[in-house]
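Presented sequentially are two complexes of subunit A, the first with subunit B as partner and the second with subunit C.
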Partner chain A sequence: MLRRIAISCLFAALPLSAAARTRPHYGGTLRVEIAGDAWQKGGLARRLVFDGLTKFATGGAVQPALAIEWQSENNNHRWQFRLRPSVHFQDGSPLTTTDVVTSLRASCAANCPWASVHALAYSVVFTSDSPMPNLPQLLAEDEFLITGRVAAEGNASHGPVGTGAFQVSGFSNGVLALAASDTCWEGRPFVDAVEIRVHREVRDQWLDLSMGRADLVEVPAEEMRIAQQQRLNVVSLPDAELLALEAGESGAWSNQNLRSAIALSIDRAALANVIFQKQGQAAGSLLPQSLSGYAFLFSAERELNRAHELRGGLSAPPLTLAAEGAGAMQLAAQRIALNLREAGFNVQVTGSPNADLKLRALPILGNAPAPALEVLLRAAGQPQTVSADNPAALYKTERDILERETLIPLLHLPRAWASSARVRDLKLRADDSPDLADASLEVAP
Partner chain B sequence: MSLRQKLLLLVSLTVAAAVAAVAWTVLVRIRSVFELRDQEETALFVSQFQREFQHRSAEVAQTVEHVAASDRARTMAFELSQSGDASPYLNEAQIMAQDARLDFLEIVAADGTVISSSQWPARFGYPEPAAAMKRDATFLKREELPDGNTALGLFALRSIGDTGPGIRLLGGRRLDQTFVADLPVAPGMTVGLYGEKVAASGNDIRAANPPASLADFDPKRLVGVNGELPGAQKYQALIDAARKTGQQKSAIVYLTAQREDSVNVTAIPLANDSGEVLAVLSVAISRSGMVAAQQHIRAIAYSVASIGILLGIAFSLWITARVSHPVEELARAAEQVAGGDWDARVPQRGHDEIGMLARSFNHMTSELKSQRERLVQSERVAAWRELARRLAHELKNPLFPLQLTVENLVRARALPAAEFDEVFQESTKTLEMEIANLKTIIGRFSDFSKMPKPELEKLDARDLVERVRSLYEPAANGLQLKFLVDLSSEPMPLLIDPELVHRALSNLVLNAMDAMPDGGTITLSAYPRGAHVEIRVADTGAGLTPEECERLFTPYYTTKQHGTGLGLAIVQSVVADHSGAIAVESRVGGGAEFIITLPKAEA
Partner chain C sequence: MGSMKLFRLLVTGGKTTWWSYLARTGLLLLFALAAHAAANSPWEQPSASLAEQIAGVLGPGQARLTLRNISSIPTSDLPAIRRTIEDNLQARGVTVTSEDSANNIRVTLSENARERLWVAEIMQGSQTQVVMVRVDREPHLDAPSDGGVILRKQAILTTNVPVLSAMEFPGGIVALEPEQIAIFTRGADGSFTEKDLPLRRRHALTRDPRGMLLPSANGTSIEAWLPGTHCEIAYPAAQTTGDAKVQCHESDDPWPMATAPIAATSDAQPPGPQTTQVKAFFNPARNFFTGVVVPSQGVDLPAFYGGALLPRTMRNFALVIGGTDGRVQIAENGALQPLSGTGDWGSDFAALASGCKGGTQIVASSSGGGGNDSLRAYEVTGLDAVPASVPLPMNGTVTAAWESLDGKSVWATVRAPGTPGTQDSYEVDRVTANCN
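For the complex of A and B:
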């Protein structure tokens, strides 16, 4: 009998011990290493320190953040976002609608999705002459994160102030130290602190990860296969960004045939299979198949003969091509230059920001195609309201955009991070940033 | 130029020419020897350099072979043959090139397409024509780079593994500034590399596009260890010659106007398999050491030559002094003799021609002196005789009436008193007249012996002549004489005693008037002649014989019936007192012309 009781107790305790092992622990410092700057647009620190009025959930849906609810009126010409009460900045000052309006006006001086933004009691009101059907998704963008008032004189060393889960605690020797904010409206994060080492080469990041000196490092798309071969803990977000070529529309490039010839000259398969090591998908459309459902209708094949025909012996002026970023982006730019030379274009890769052609990685955010397309176009510097409410209309919109050949899609690429074994519950948000507020660290035995 | 100076110049020039000829011959010989040695040294250095270059080529081949034989390469080849997926090896060439320290490395598939390229990673999948040929030796190749430029390299092609044509490695080292800097160079050697400029290939990225014609020389493309080679433009002719002919060329290149800044340059063309010159390697060896040695020797030669020339000049001085001194003594003695010193003598030294000349000169002067003394004696006697004759003649004329008058008085004593008184009165008048006449004659002689000292004043010759003309022209008109005056328009200032010179000119004019009793023309003229003024008095009278002309200025010589012969002597004395000269030009029947030359006074 006792034996049965003991065995029963043992089986009863097994789920409890499993639950205890999976329960997140508070405390510890999460060490992150990145190649870029923490405060640049889309930088990790911005996502940890600041919040937007809305945010993307892990699955890509828009959900409330600093705004608890919103509603549109007048056929999406007017939006009213009600502010979450009792939210405080990390310096203790309360978040007000005036702070939100000031921050939004400061972050968007021109080409804003709205015509005006103003505070109305506990709400922030956006108005525009044209409809703004995707405003909640747009406000979840990094560009519209709400930053706090400028630190008072003498307290400038405290750095930027926001309402996020972490607050700046210091910066030294290339390491930005963030401390968990106890007053965060979402609740205190599990880790006590996050240390972000900036401007770290990817290979060095991986070395630090393998040596236990880092907990979270970046994994560029072209390195994902190696990361998997090395059995790293990789969390990735497929189709997180679009590799695209921006072409001007003025001067010698007013001839659309030349732009079409460029689009047809590029060997996307070689880019995807070799340079990005089969981690990307050749793209003929702006939105990926997983998001739009119609991407297969746009051809991503290389048609060199057709490109020659379109060029028709036109002598294009010498072209310059610049790529954002380093590594695979530069290599891709060189490959594109080679492809274009085959088609009769004299192309030179340059570092100049005023190049004729620009190779860029554009974000694909959220799980809704129309807002994602509008966000993408906005990031590409070609802002356009996308108000299609069905796939056919969206297809037509995208086709119209692509026929201009000013934005030539090349690849849909994933974004990935690799973490150490002690990091638990790490997820990527729809904006491909790691959600560190919900991550925790294993307690050392 | 004196005899001594001429001799000195002659001897000095002879010595200097001899020394210079010797020095020049020595220097030319030394220079040719140095040049020959320099060329031999350059050839040696170039030969060593070429061996080093070949050694580097062999190194490239060995390195590529070593990489091809490495486990990494073999493993990659095996995995590729198994999977057929080349994408994982995109960066393999970069890693291998980095490990092997190769500037270029391409992994080429069996079909000749690039699997991985260290120098242009984006070129995967494109064909590599250089891998199509089978070759063991290293070769030169111009490699296109992603930035649009081309680079020249020494390449070697090796297969991975031993089995037939499979995966190959095409590796090489860049021929550039770094390669040049790596080459061992001797002191004073400068190595440069001239790379041909190639236009961007445009469409066909792998096509070898040899330039249709030789591009213009671009000095910026000639690089040395520290970048652009200093004075690169000076190498143009040599490098162009090597580029055009494809043959090694050598020449001396002068980098500046200074000889020491010259280099002995050998241009070695570097060509690919088809003979196209892709670059030219220039090996320049400084000639500064050789030039410095030459200059040192030249300085010594110049010093020795200068000392030799100075010694030669000193010796010439001594020689010319010895030779010219007796001649100079002779010349001085001759000058003394010419100046009237008949006692001049020269020392008689030795028995050579100079000594003989000195003896002859001394004998000649002594003979001349004795002859002169005899001549003076005879002339003095003749003068005294002439004086006596003139005095006798002049005194005889008044003495005869005196004698007759005295004899009349003696005879008149016998006459009655009244008649005697009358005769006495007439005789005393005659006596007074003749005595006065005697006094006049004696006064003239006295005047000649006591000429006054000139009191000099500044006077223009034109005024002097005009004064004479104005005085005598009225009288001349009455005698059917025509007066002509011909004067220069230029000022002719004279420093003279106006009265004495006026008297002299008057005397000449009066003589001219006397010479033309039947009328004629008197011409007075004055013209400047350099530092002198020439005053001429010409007549159209009967003229003078040459003998008369010679004796005309001799005192007491006259051609007139009643002249004293002192007029022209006085004129000559006046002119001589003014540091001037007087001459006469005449021919019988052609008139006479007296020419007075006086020094011009300062204005």
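For the complex of A and C:
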């Protein structure tokens, strides 16, 4: 299975496919529509306006961004990242190591993967009591994007300021306007502007795409088949997310047999085939096969009898289950509740953030399995350093995590976008966001 | 530093073609290649390693072995792999039996996006232990190009950063990359050493980086043009160990955008320069030439991505340009006119003095099937461009094309999408023509 590569799925033989390939044109406004918020964690605008010290290349490898090089010392307890010179924020102020340190400290407060971060001449130095083998990959995450002074100090009257390819130029009528930054260290993007219409229902996004009112819209995994039937031009990234169930360890759930019974009760194949319309892969592992190569060792089969056995005479307390997100996530929660009831659990689907079980979509980032696992665990709120440097050690680490049954993998899901025919060279980055800075628009005939 | 770059360099010296693998940091692959070459079978080494781990768990005795393949290894290889694993187990005291046994070994030939993984689940009664070994994918060797077409390509080098231009010099090959110049110097023993010279310049990169390389007028150095920047590269003489150096400065001077040799006639060579050249001003913040060229073509040119000089009559040349509006036009005799037959030309084309037909064709890129571009030679007669060859498939997207110094070949950089889990790769190909 291909992974970490943005695959352009031309579902239909579009006329453009036969056209000559010319260099990308400068100019034009790219119109994007999304269902969520542009500035939320992982939001599209954050990736366009801000940069990290490192970034994921299209293939998933970590690359220099605001840092041009780095080195670790003392068995990965100390890392030094040298800052790229002559980088400026969009307001014209130079990027300094102090800016970077301030931004990083604000990003994770007391929950950082390092113990301290400080500036040292042209470098930023991270130290920790425990090794940080995957710090370059962690720093490519959305969480550690470097925001400018204005945004870092909470005064967003002029919009957030970063060093990215686009700068905020306005927000009105639900449309966030971004303008190309001529001074971007990576070069000016090809399009002049990006307009992001936020909080737009997916069906409205698709309507706007078909009417020529949008250039880029979201395609949820469960809608990819419909997109195919409608001959949309889809760019997708397989194995972009892990759908997983988080289970607590406190109270009655401290009994691991109960948690194991829950894991064995869920019919993952039905989730993949029915709810996600055969676009997901049933998962018994945290990392997908395409990343680890050993995922097949973890069974994703439903074993209802075994679940009953494990539950035995234990009287499980009433369970609450909450799903993060809407649409298919809510349907999936209902389906899981049904499965659990079949195993003898008393389950109620709720919207409460304090539910016993939480259905979440966790990011799978990069092409290196150990850092990807660490990022995933961090996103799940179960941070753990993953220092395995070979597949056997990584398998053991993952097996130990799974045996705790506090994070129950269900499906590996793709992420996808659909674009209009005038969008060229659109790729998805390894963090699943469309790379709009390197995309361009066809010249109108 | 996180970015890995692996260069593979293929150089033709006389009639001998030979390979030299230069790894900047890809020592693992080199090691794998060495091991691969040393073994009788590519599966010997991983089989031995896996058998050793299995025997370490199981100890001497009998075991039943099952083998399954969920990787891209061809099914036809499975009997040989099974045999090799069995032999290696036998050598370590584990006899594989076809009868029921308390010991079962289930070997799965698996893979992820980057490498193969052979996994053995060793079941002893109710206990299962897992061991695994990494198996590097075999290096991909380019298939030779089809000899039946007029255009032929030959891979010169591959890298995972864009190559904006490359050229041969007496001591080796120079490649211009966005951030550095890579110089491959041929040693006395024929091997190559690589030296990377970082480019220190003030102008930010553009997202569609462009650049050119040409020898200096006196032939002792190489000049490089990048947006807003001009560099001079001093290189060591052939088969010496001297240091190469680069000096860059900001410059808005025009680039020598198109150069063409002036062909000798059947009579004595007329006096005058041996090449003709058009320089063009480049927009350093974009990816195109402004349209202002030296010498003037007697007509205002639109902004264009690139161009080529096409000989018409003795010492007269027409300038063919690919405009940013997608139109290909020809500037000649103070007029600018559309060149027909260029509807499927891409932005990158160059003149090729093949000696075939009219002597010089234009080799243009165009989109091929399956996402790959192709190169095709066109004969330009009057205002018509007529295909003069069948399309030559390239292994990806043509990102740059330029003439060689002698005009007898076109060099092209081709970007190939990364294999799963890897970055895009770039290959510089030399394209030559045979006359039918």
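Rule of thumb we're sticking to: the second predicted complex is superposed on the first by the 417 of 445 C-alpha atoms of A that agree within 3 Å, B and C clash if a C-alpha of one lies under 4 Å from a C-alpha of the other, contacts with A are read in each partner's own complex, and residues count from 1 in each chain.
To be clear about the criterion, a residue touches a chain if its C-beta (ideal position, glycine included) is under 8 Å from a C-beta of that chain, and two chains touch if they have at least 3 such contacts.
Quantities reported herein were computed from a predicted structural model and do not represent experimental measurements.
**Q** Once the two structures are overlaid on subunit A, check if subunit B and subunit C clash or fit side by side.
**A** fit
**Q** Touch check for A:290: first (subunit B), second (subunit C), both, or neither?
**A** After superposing on A, A:290 lies in contact with subunit C but is clear of subunit B.
**Q** Considering only the touch criterion stated at the top, classify A:391 as touching first (subunit B), second (subunit C), both, or neither.
**A** A:391 contacts subunit C only, not subunit B.
**Q** Per the contact definition in the header, classify A:188: touching subunit B only (first), subunit C only (second), both, or neither.
**A** second
**Q** Could you let me know whether more residues of subunit A are touched by subunit B or by subunit C?
**A** C
**Q** Mind working out whether A:69 is in touch with subunit B, subunit C, both or neither, as first, second, both or neither?
**A** second
**Q** Pick one for A:277: touches subunit B only (first), subunit C only (second), both, or neither.
**A** A:277 contacts subunit B only, not subunit C.
**Q** So, does A:60 touch the first partner subunit B, the second partner subunit C, both, or neither?
**A** In the superposition, A:60 touches subunit C alone.
**Q** Can you report the least C-alpha distance between subunit B and subunit C in the superposed arrangement, rounded to whole Å?
**A** 26
**Q** Which of the residues in subunit B come into contact with subunit A in the complex?
**A** Contact set of subunit B toward subunit A: 86-88, 90, 120-126, 146-148, 200-205.
**Q** Using the touch rule from the top, collect the residues of subunit C that touch subunit A in their complex.
**A** 1-4, 70, 108, 110-117, 119, 121, 130-132, 134, 202, 204-209, 285-288, 305, 322, 324-326, 343-348, 365-367, 371, 373, 397-398, 417-418, 420-424
**Q** Considering only the defined contacts, which subunit A positions touch subunit B in the complex?
**A** Against subunit B, the touching part of subunit A is residues 225, 267, 270, 273-275, 277-278, 331-332, 334-335, 337-338, 341-342, 344, 346, 348-349.
**Q** List the residues on subunit A that touch subunit C in their complex, please.
**A** Counting only subunit A, the residues touching subunit C are 1-5, 8, 17-26, 54, 57-64, 69-71, 86, 136, 182-190, 289-294, 296-297, 367, 369, 390-392, 395, 437-438, 443.
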